[in-house]
Amino acid sequence: MFDFDHLTIDDVSRYYGRRRALSHVSLELQPGELVGLLGPNGAGKSTLLAVLATLIRPSSGRVIYGNYSGSRSTSALRESIGFLSHDLQLYAELTARENLEFFAGLYGLDNPSERATSALSRAGLGRRENDVVESYSRGMRQKLALERTLLHDPRLILLDEPFTGLDEMATVALTDRLLNLKKSGCMVLVATHDLDIAEGFVDRSVMLRNGKMVELEGEFGSLRKRYRATLLQDN
Amino acid sequence: MKSKAFGGLLAIAAVMFVGAPILISGAPTESTMGLVQKIFYFHVPSWIVMFLAVFICGFSSAIYLFKERPAADRLAVASAELAVLFGLMGLMTGPLWAIKAWGVWWQWDARLTMALILELIFIAYILLRTYGGPGSEKLAAGLALFGMANVPFVYISVNVWRTIHPTTNVVPTLSSSAPGMFGPFVWCMVAFLVLFVAMLTARLRLEEQRSRLERLHLALEG
Amino acid sequence: MKSFFETALLVSFKDIRVETRSWEMVSTTLFFAASCVLVFSFAFVREGRPIDGAAAGIIWIAVAFSGTLALGRAFERERYQDAMRGLLMAPVQRSALFLGKLLGIILLMAVVEAVVVLFVAFTFQISLFLYPGYLFLLLATGTVGFATVGTLFAAMLLRTSSRGVLLPILLYPVTFPVLIAGVGGTVALFQGQPNLDLARFWIALLVFFDAVFITLALWTFEPVMTE
């Protein structure tokens, strides 16, 4: 297992012809940090997360996982990365249990069925574990997808809008979970629109706008105020 | 420097193409086929250049896929377009010969069929790059690599397929030529090669400029 | 970490399990293939008698067309909910994912072909039991070749717009040797005096094709799938 304890994003850019998805983004994540990634739609949050997940190669710049800065994504590296995209990457025709056991098998985890059981109970889906995912509400799918992401105890956790469709209880459960993971030294990067939630539990926030990383305006005041101020700044 | 090379090459090609008809008419006329046979001075070099372009495209696509060098991608797209162009020349001259010599436009001649298949693969390449949206460069590179690897299989399968229904070779072969034909043939071959390199240079330059323009555009916005 | 083949089988079993929930792909592809056979039969049967070699051609056309449809559909499932990315994120050799998808496609095509061949043999009065071994080898090697190129292309077009029409545009020219060999070999087997040497030649060519293109596909899958 290839482990790393900090992450360096070094001047990463990603272009598609003339369209700039990411422009000279630099960021560092230390162990046990929980960082909020904010920004309007189309700012490049999803692209950044996909780059960090090794699904997209940067046009320039590089991502350094601990001390490893090789451009080739290795399977060992992916063992330590958990990525949850906005589309939940679940198989709708399979049951919740089948989904989890498949991914557990794919990740080479031992005791896939036990892991699935504990994941299902954590998500509160135990009673419906043998129902196909197609019959689930968005919130239930979100919880299941989250469990799938964390199944292999990754070191770097990348979440794209994980609070979508979650009710109050589930939101609290998720934030608690992330705080616990943070304590055990994981690095968490959460892209979200929900500023109130983010304010409650992130260590710090960064903002993307048109692919560029911008500083949030003002030192004090609520996250929402600062975010809005930054958005309005150049307009 | 590149543009000077292009100008020079184009000039050479122009001179050679002006001189070609003179040489061709001076060459001995083939006894059985007569005047029509002379089309092969243009027909065969078109093929050869097309094949050259196909292999250049295949190899540069492989380099682009595995080493990610942008220059390789530029070479791949330029040579793919030229493969289609010179292939088209070959596909037009072949039937022109056939209609005069045999009274039919198309007789599924092995080499013409093979060329048609390759032409389709590289037209598909261009369609993919045009309509595939962002990121289609890599996909097209995969296609070109598969296309190049396919050449021996297309050759063998089409040839054997044709020999099952034997008809005389519709398009003439070089082996049946008299010595007086060799000179003009080489002249035309060189002319085509020079033209190919000239066009490749021009197309590459266009692609490089486009790249540079994109970079400037991005830098400006940034 | 899982081994290469274990990963591939895991993915294949997942695909089979997903399919058995609804049987949607098998049933629609089968029906489409049968329609293909009929459409081409109407074109190539004159006064109740088929044109020479029509049966062989019709089998392979049905295979090619229904195979393309199945490929599109199979990868539509991976596109839905971004499932392919879920697979690509796994700590496995990414080419093993390709092999897994390929095995599933081959299985589906095999099922469809079995029905198509029986259907054509029935309607064209062809004795299948003369050289079943040869026929099986021909179909097997041809299917593997077609499916290999098809799976790679369908996977690589996953995020492309116009992927529906681009798949056949890319796939057919590159698989012409497979179709030529398949039809050629099948004609050699179905004709009055079966030409076994020729059939063996086509099978050998297909084996080479499969070897070359499976290798190429395994090699290029990861670079082509990384944006």
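A, B and C label the chains in the order they appear, each numbered from 1.
The rule is short, and it goes like this: contacts are C-beta pairs under 8 Å (C-beta built on N, C-alpha and C of every residue); 3 or more make two chains touch, one makes a residue touch a chain.
Treat the numbers as computed from the prediction; the structure is a model and nothing was measured.
Central chain assignment: C. Criterion: smallest distance from chain C-alpha mean to the mean of all protein C-alpha atoms. Most remote from chain B, judged by the distance between CA-atom centroids, is A. For the interfaces A-B and A-C, the C-beta contact count is higher for A-C.
Spacing of chain B relative to chain C, judged by their CA centroids, is 31 angstrom. If you average the Cα atoms of chain A and of chain B, the two centres end up 49 Å apart. Taking each chain's centre as the mean of its C-alpha atoms, chain A lies 38 Å from chain C.
Touching two or more other chains at once are residues 227 of chain C.
Contact of a single residue of chain A with at least two other chains is seen at positions 57.
Across the assembly, chain B contributes 135 as residues in contact with two or more other chains. On chain C, the positions that touch chain A within their shared complex are 1-2, 7, 10-11, 14, 17-18, 21-22, 77, 80-83, 85-94, 226-227. By the touch rule above, chain C contacts chain B in their complex via residues 149, 152-153, 156-157, 159-162, 166, 169-170, 172-174, 176-177, 180-181, 184, 198, 201, 205, 208-209, 212-213, 216, 220, 223-224, 227.
Considering their complex, residues 65-66, 117, 120-121, 124, 127-128, 131-133, 135-136, 138-139, 141-143, 145-147, 149-150, 153-154, 156-158, 160-161, 164 of chain B touch chain C. On the chain B side of its complex with chain A, the touching residues are 68, 134-135, 214, 217-218, 221-222.
Those residues of chain A that touch chain C in the shared complex are 50, 53-57, 73, 75-79, 81, 83, 85-94, 98, 102-103, 105-108, 132, 148, 152.
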